[in-house]
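The structure under discussion appears below in the form of structure tokens.
The letters A, B, C and D name the chains in turn, as written, and every chain counts its residues from 1.
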Amino acid sequence: MSTVAFAVIAILTLAAALAAATLQKLMHAALSFAVMFVGISAFFFLLGAEFVGLVQIFVYIGAVAVLIVFTILLTRDDTGKVRSFNWGGVIVAIAVFAGLVWAIAKTKSLPLTPSQIEPITVQRIGELLMTNYVWPLQCVGVLLTAALIGALILVMEEKS
Amino acid sequence: MTLPILLVISSGLFCIGLLAALSRRHAIFILIGIEMMLAAANLNFIAFWRFGPQPAQPTGMMVAIFAIAIAAAEAAVGLAMVIVVYRHFRSTNVDQLDRLKG
Amino acid sequence: MNSWITNNVWLIPAAPIAASLLILAFGKAARRAAAAVAIVGQIAALTMSIFAFVPTLHSHGFRAVQNFTWFTFGEQILRIGFVLDPLAAAMLLMIALVGLCIFVFSIGYMGEDKNFSRFFAYLSFFSGAMLGVVVANSLLLLFVFWELVGLASYLLIGFWIERPSAAAAAKKAFITTRIGDMGFFLGILLLYHRSGTLLFYDGGRGCLEPVALSAIGSSVTLVALLIFCGAMGKSGQFPLHVWLPDAMEGPTPVSALIHAATMVAAGVFLVARVYPIFSVGAINGVTPSLTVVVWIGVITGLMAALIAIAQFDIKRILAYSTVSQLGLMMVSLGAGGVAAGIMHLLAHGFFKALLFLGAGSVIHGLHHEQDIRKMGGLHRLMPITFLTYAVGMMALSGVPFFFSGGWTKEEILHATSNWPRSHLPHYLALIGVILTALYMTRQIIYVFFGNRRAASEHAHESPSVMAIPLIVLAVCAVFLSVVLTPAWPWLESYLTGHPARFDARLLIQPMIVVSLALVGAGVSVGIWMYRRAGEADPLQHAQPALFRFLENKMWIDEIYGRTVIALSAILARLSDWMDRHVWDALVQDIGRIGQFFGRVTTSADERVINAGVDESTSGAHGLGRLMSRWHSGQIQTYLGAVALGMLALVLLYAWLG
Amino acid sequence: MSDSLDQIFIHAKQWLLSFMSGRAPDWLVQIISSLINIVALLGVFLTLFALISVLERKILGRMQNRYGPNRVGPFGLFQPVADGIKMLIKEDIVPARADKIVHFLAPVLIAAAAILTLGVIPYGRNMTPFTIDGGILFFFAVGSATELMVFMAGWGSNNKYSMLGAMRAIAQMISYELPLIITVLPVVMIVGSLNPDKIVGAQAAYSLGFIPHWFVFTPWGATAFILFFVSGLVESNRTPFDVPEGESEIVAGHMTEYSGFKYATFFMAEYIGMFAISGLGVTLFLGGWHAPVHFLEFIPSYVWFFVKLSILLFVYIWLRGTLPRTRIDQIMNFAWKFMLPMAFTCVVAAAVWHYTGRGLRGWLWSLAVIAAVYFTLSILLDTRRKFAPRTYRFAE
């Protein structure tokens, strides 16, 4: 059952990603991008990282995707209509993919089955965030504040 | 569901992100591509955590959580920059943005 | 016994640094608040220093150490810490007290400056970093604070950034000290490599404790000399002294704080701190590294004293005097008189700060005139400044019995006379003492006596906010002598850990007589020579060539300009030439190869078009464009290159592993 | 007796599943079990939707001194059936220049997201359809997707009114999502879990037998509940925050270009969103399915839940009948200048409450914190001047 689910999710995610990368209309690409994140979150659920999956949906679909569509709205221009595609990128991407797959295939020692564990509860994550990872957490907080302020200052209209 | 397959999927995602970042002229696509690559990296973190020798320690999850937070910040700033660039150049086509001097 | 401050020594440097950050956060407008915050921070540091001083009094050889892990990478655990011992406590007290006086003085001196609050931010920052140097218990932590001190000094020397000379002086100071710091850093690395620790005291395992010292082995001399390089840079020892006189471009309180009382003393302090490294394997108190220290110190001391005689800028004279006194301290350290050197350092901190602030007061009163030939007759117009300046002058010249400098100088002479290797440093030090008295007499006659010259017509006494610090420092300079006398060498015993006894007979010693005679000789020669000094210097009349030699600082700057700097200029031209003719040509050739490929693919394209396959033409066209755009400056091209590079790395890694 | 009544639905489900066990593979049983949950959920809430849609009109009618629907069936109760039939057989119009796929997907996805959020709320003892460890987070994660759907609706219609409405909706939803989530934080903090069942469990006790330990009875809880409720109003685009739909200004906002069943789907999604957010409010602050006094525990738990839910829904309708529409700038100012600071204050007050011993002392302390911030804010925002009765000056 989970194999079937896995296969479905994998196909869905990759298809959505491909759509996000190649669709002509920006808005469709952005929406496919959101779908892809749902797929990745589903992977996280399957792998037992429910919390990360939920955070991913929360952040990407609730915030980043909305930001992207807003930006698309604010920067509508006609140059988007011109067919503009760089085939060199395709080659590079395929080369990188082939290289990565070759490297993965060449590595013999990859484990095939996940080890059995207790599910990681949200409480445990919270405790870790407040103990072992408290400094990274603070840093990320500062980073997010700085990014917020920076983004605001960037887009503020200049007074004339 | 084995680690190699997961890795192949995530490298596939990564390369599609790379494709978007390299091939599309619109600045937003580059951002989308970068977010995709970050997501692929997150998938790798989670996969390695789950299949790794110490899954009781959720280090991979933690890194993924922080990576998501940082990616969000990056997206916010990146999109703000796209808007500023658009205001300035009336274009979001990265081909036309090769001047250092505004 | 262990009060809370011994466990929280880090608070002392933290207070001024926090004040500094706070001031910077306020912004430019908050002038009063800036001064208030800086002074509150400094008072906090002073109070805590006093609290830290108290427990060190109770037991001899007191030492409180707190170490903690900074970070871990792999197997290596890097630990840093703070230490409180008599050396640190005495330095803390001196720095905090002198610093406070200078802060207060600066309110008056810098009153009209438009960057008033920035000045106080830098001052506080400097003070905090300097206190940090003193309490660091790890060579690495010390180095960090050391560099912060260097940064603060750079910022403060170049404070009046709109003056090109100030900017140049700041750069010169930064680069010159950096040369020394390079050696220092190499020394740290070598020490870490050999001993595996950078902590000074670590319950028997620190790098100043026997186990680690014996582990260093034969390279100990090299380690010591490399560390001494850092000390030479900071303390302005020959041949790295050239930056210190130029640093007088900074505001006078800065000169007082950094380039007289504290920062330049850091080098002496460093040598004293790591003294065990210098003295490993000493025979009769002599090691190769200490011998180097002695000779460097002697050369510096004598040379700077000579140059000081022929200077006309009131601050430059003091600057060369500082260099000379630092040389004396180094001599003392090298000759085995560690306590004497440190005592001179402490006493010097007070009276040299006093002299600089006095000079500042004169400069302020004369509307920023610094040339002593244009001063004169100020002893009536500026009585407080004159009296305090005279106290400082006598302390510096080493007048015995009543002034702190006299006793410490006498101790140093004592130490040098006992040095077994050679007696030459001793005699040279004696000459240095005479010269010190001579140039100080010259200066005071020029400035305060004689006719009123051009600049002193409209002179006025400084406001009380500037006068009070002068008085406080003068009182310190006098009363410090109480604890320095050989009859009751309290400070020495405090530093060395041997109990002190009162013995009035020790007041009269041969060395006292000698130094009294020397000082007397210096002063009377000075009075005789300069009694009728006018616009032109008597020495200039008598020995024009010699005077020119000294006035131009023995042409050391010029020598550097002809040798070191010229060499680096040649190197820069060479690399510029390489850039233009070799690398650029290479890049262009690569570009031509790219173009060639482009042409090849373009011609291939045309054939494909002739074959008439539409889809593949656009593909090949894209490929051709990709090739010909090899150097386009497009962000995506770069991204692609990055991706390919990553791919290469992955492949390499997979292939190897 | 009361116990069996309480668990009657659970037993019924187990009875149904008992036919399967042994005969079907495990995964099939799992799927069937989930399907039963889904069907039950849909059945209950679609019925509730129908009921509320007619009740709203009736109650509004009462408030506005008119009858409301009373033609179809007894008391007009079959009105929703008639409406449904009407909607189904209406022509489905898609604008010619619309982005057809997006236009089609928007209502579908918005309804799906709304229904998904229902899945994690505990409706009664052992009656949580899907137990997820991070249930609250799930709720908000799925709920935040709604914004994207609204945007899709606005964009897909290719109509400026639609786009404007969608922009307004997203702006206010994003602004109020912050206070909404932050007011949930104190509860999560105090309970130490994101699991809705545990949150309900933490409110189970009673003091003196009749004061329930619901979070709404603490100062921070009460404040947070009010803030939560207001944010919920905005999130479900209800009056007085129905600017996005503002019929009199921009036709019907992002739903302008929808007709027939798609429009009905939007409508349904909106109501279901309202149910979900009220249900979450009940779970977080009003003790979930617990009875208000101890001796009433014999009444089945799900009854209590739905009673509380109905009361909240009545307040929604009541507000709609009472308050006029606010301006968009007022909404935004209110969100960022008042709601957000107060929400943070709730977090602080909850921490104060916890560290002063959760007793009467903690109660008073947290009240003091909230009052202090409230009055400071009211001074800073100068409410006295802004919200004083207006004086009109006429040309003389």
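Keep in mind that, in the parts below, a contact is a pair of C-beta atoms (placed from the backbone, for glycine too) under 8 Å apart; a residue touches a chain by one contact, two chains touch by 3 or more.
Being a predicted model, the structure only gives us computed values, none of them experimental.
A.B. asks: If you average the CA coordinates per chain, which chain's centre is most distant from that of chain C?
C.D. replies: Relative to chain C, the chain with the farthest C-alpha centre is D.
A.B. asks: Report, in whole Å, the distance between the mean C-alpha point of chain B and the mean C-alpha point of chain D.
C.D. replies: 34
A.B. asks: Taking the mean of the CA coordinates per chain, how far is chain A from chain B in Å?
C.D. replies: Measuring from centre to centre gives 6 Å for this pair.
A.B. asks: So what's the Cα centroid distance for chain A and chain C, whole Å?
C.D. replies: From the centre of chain A to the centre of chain C is 52 Å.
A.B. asks: Could you put a whole-Å number on the gap between the CA centroids of chain B and chain C?
C.D. replies: 48
A.B. asks: So which bits of chain D are touching at least two other chains?
C.D. replies: As it turns out, chain D has no residue touching two or more other chains.
A.B. asks: Pull out every residue in chain A that's touching 2 or more other chains.
C.D. replies: Chain A, residues with two or more chain partners: 51, 55, 63, 70, 86-89, 92-93, 96, 100.
A.B. asks: Quick check: what residues of chain C touch more than one other chain, meaning two or more?
C.D. replies: 636, 640, 643
A.B. asks: Pairwise, which chains touch?
C.D. replies: Listed by label, chains in contact pair as A-B, A-C, A-D, B-C.
A.B. asks: Once bound in the complex, which stretches of chain A touch chain D?
C.D. replies: 1, 25, 27-28, 31, 34, 50-51, 54-55, 57-58, 61-63, 65-66, 69-70, 73, 119, 121-123
A.B. asks: For chain A, which residues are in contact with chain B within the complex?
C.D. replies: For this pair, the touching residues of chain A are 2-3, 6, 10, 13-14, 17-18, 20-22, 26, 29-30, 33, 36-37, 40, 43-44, 46-49, 51-52, 55-56, 59-60, 63-64, 67-68, 70-72, 74-75, 77, 79-80, 82, 84-90, 92-94, 96-97, 100-101, 104-105, 110-115, 117-118, 120, 124-125, 128-129, 133, 136, 140, 143-144, 146-148, 150-152, 154-155.
A.B. asks: Using the touch rule from the top, collect the residues of chain D that touch chain A in their complex.
C.D. replies: So the residues of chain D in touch with chain A come to 27, 99, 101-102, 132-134, 137-138, 140-142, 144-145, 147-148, 151-152, 155, 163, 167, 170, 174, 177, 192-195.
A.B. asks: Would you tell me which residues of chain C are touching chain A in their complex?
C.D. replies: 619, 622-623, 626, 636-637, 640, 643-644, 646-647, 650-651, 653-654
A.B. asks: Can you name the residues of chain B that touch chain A in the complex?
C.D. replies: Against chain A, the touching part of chain B is residues 1-9, 11-26, 28-29, 31-33, 35-36, 39, 42-43, 46-47, 49-53, 55-56, 58, 60-62, 64-66, 68-77, 79-84, 86, 90-93, 95-96.
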